[in-house]
């Protein structure tokens, strides 16, 4: 009888599903598209499977077009906290800069940090692991002549310094994109290398983001 | 014995402090200044005393310079919900429009409504009575030539319609200001009638706001 | 002999072509489109024919899309002075206001007046009769809630005052449009009454402009 | 007799004033200030004297605060052509970029080139030698994080390419400033190294500009 029980327990243990880590990608239209068929989230999932880690992670896209950091905060309770994620990859900042000139509704530098910091702190309180990304590009010129390059660099710099200071994993997409464009944009095109329209990712862009993201995420214990 | 008990109960009742209604004024720099010596909140308090209702209400200013509706949402938990108010007078919208042109960090029309609506709903869930104000002025010209008149009218219209539809007390400051300027700005000055600088209130402006607010607040049961 | 000479002189006079007044319409995309098949300039021409005055006037469109007052000045020598017109109808100001928010390249209020004044003075020096128009609309809401209403009113006011002060014929298109929309936009639509897209004229808009313009132009001796 | 004549001719030649080359500095507030006591134009004059070339050049400042390229064109006839200069140093572009965000009245990229090109061509027709400068800085951060860095680089690039293509002397102030700031701004300050306020020149800035300008101007035959 005792023997039988032991076997039953072992069997139970063996078939008990291991709790997957739930990873939320939290962002704007790039992330919204990223959840589509060839989007970066789908590619992260493929990379995960290639590494035979599909039992360790599940991936959820929570991107909404046009979002700035304050729009993330607007839906932070519902789309992040209420979802009980283990890891949240925050990929925001492009519209915060871009919308200053397109519709006058971007985000002040200080407020960008304030909203971001508040969400990071709430995640930490709940034991959620945040991962921060620098904003990629608005325009693919590789000679520092894109209209928003200065401002994007400024916001990216804040993210890098905040991540370092607070010991948060950083995915430096802006640096990856710039390095890639230095090598792969010999005609200095404004779009078409990693984006379709200067901002939204084409297949190469989605792949680059996916590789950077998977490299960072799979390291998280 | 029964007689004695009755007297004791009466005495207890007589000395029991009546619970004052806590009124929070939630807004931007105008409200921040409104809490100062001659600000509109101080004047509301004076009007309340004139009506001998100082035992019925207490007034708290929660204004922060530069705030837009999304900045109110940023501090909504701490500055409103955690304060357990009975009534919240929301006076916001000027920077949402103004900052579009000054720093490119105003608020989109649809997002203005979304953030506002979310706060109103959270107040209602808690049994807090919201009161909505239309944004007053950016410029005191009375012939519809202030740069942001169209946009302010547009946002004010949303507030009016939302308040009506949702049965929320409305303080139509923009209408009060316009009516006042029609009568009292014969030289069509850009500032100096109700404001010091086209936006922030002078003594007459604070008094006008205080009268409108007190009229609305004292009616609330 | 004398008799014969007299007849010959009369015959000469009768067949001598009367010099038509050359009217240039000088403006932006609205004027550029105005020169098209159903554009306002074509309609002015039809109205002129209805009044049997086609031997008195010829009409030339000089509109270029996106033009602001400083763009008119850029091509003023070539497109106005070098054409030797008798009358120039200037219809400008929409992009001066509009481009402030769309691309950050509008025109300062003071510079708007300075460029305009310089061209008017150069026309007067040459004996060219200028006619000024107020800018029509950016949005057809009739309750003062179009984003640029305040600024358009401000620039229109400058044009009215300048024209009055300098005794220049004025075509107050903005007033005509507003009056028309008060009566003919009962659903308060943003576009579709006089414009196709809030700015560019549909057939009704072209007709309204043509009537106002012809009324003003035919009076000029 | 012949001897006498020869002497007379020599005397005439000796006392005949050599025609100085008239150099106009044509620009915005930086050039307006440049004509002041310690401004860059005064310093160019000092450098010219040090080189004992004060009989070869005279320097005239024609800078007006807030000017963009279209404002230069506005006063081009009066302030340049009517002055009969030999050389015109054009230092413009900062406000064309800057005013996009401060007042929505900057200059479109294509129009920047169009206005600039028109003035260069008119100078060439008159035999005036133009000299082009790239716009210096809006902000002295040396890590590409100034808000307008991308746009300034874009406009500077146009100037460099136009000057090269049209064989016009170029003073690459932006490059000089950037090189200087790389070496002399170790704390990455936003202002105070070459400017007082991120844009207008302090003494070091005026000196740097003066040296670059004098180097270019004195070479012109």
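Labels A, B, C and D are assigned to the chains in the order they are written; within every chain, residues are numbered from 1.
In this section, a contact is a pair of C-beta atoms (placed from the backbone, for glycine too) under 8 Å apart; a residue touches a chain by one contact, two chains touch by 3 or more.
Computed from a prediction, not measured in an experiment: that's the story for all the values here.
One rotation lays the C-alpha atoms of chain A on chain B, and its angle is 180 degrees to the nearest 5. Interface residue usage between chain A and chain D, two copies of one sequence, is largely shared: over half of the residue numbers at the contact are used by both copies. Per-chain CA centroids place chain A at a distance of 39 Å from chain B. The distance from the centre of chain A to the centre of chain C, each centre being the mean of the chain's C-alpha atoms, comes to 53 Å. Averaging C-alpha coordinates per chain places the centre of chain A 46 Å away from that of chain D.
With touch defined as above, residues shared between interfaces to two or more other chains in chain B number as follows: 100-101, 104.
Within the complex formed with chain C, the residues of chain D that make contact are 70-71, 73-74, 99-101, 103-108, 111, 114-115, 118. Of all residues in chain C, only 100-101, 139, 143-151, 153-154, 157 touch chain B in the complex they form.
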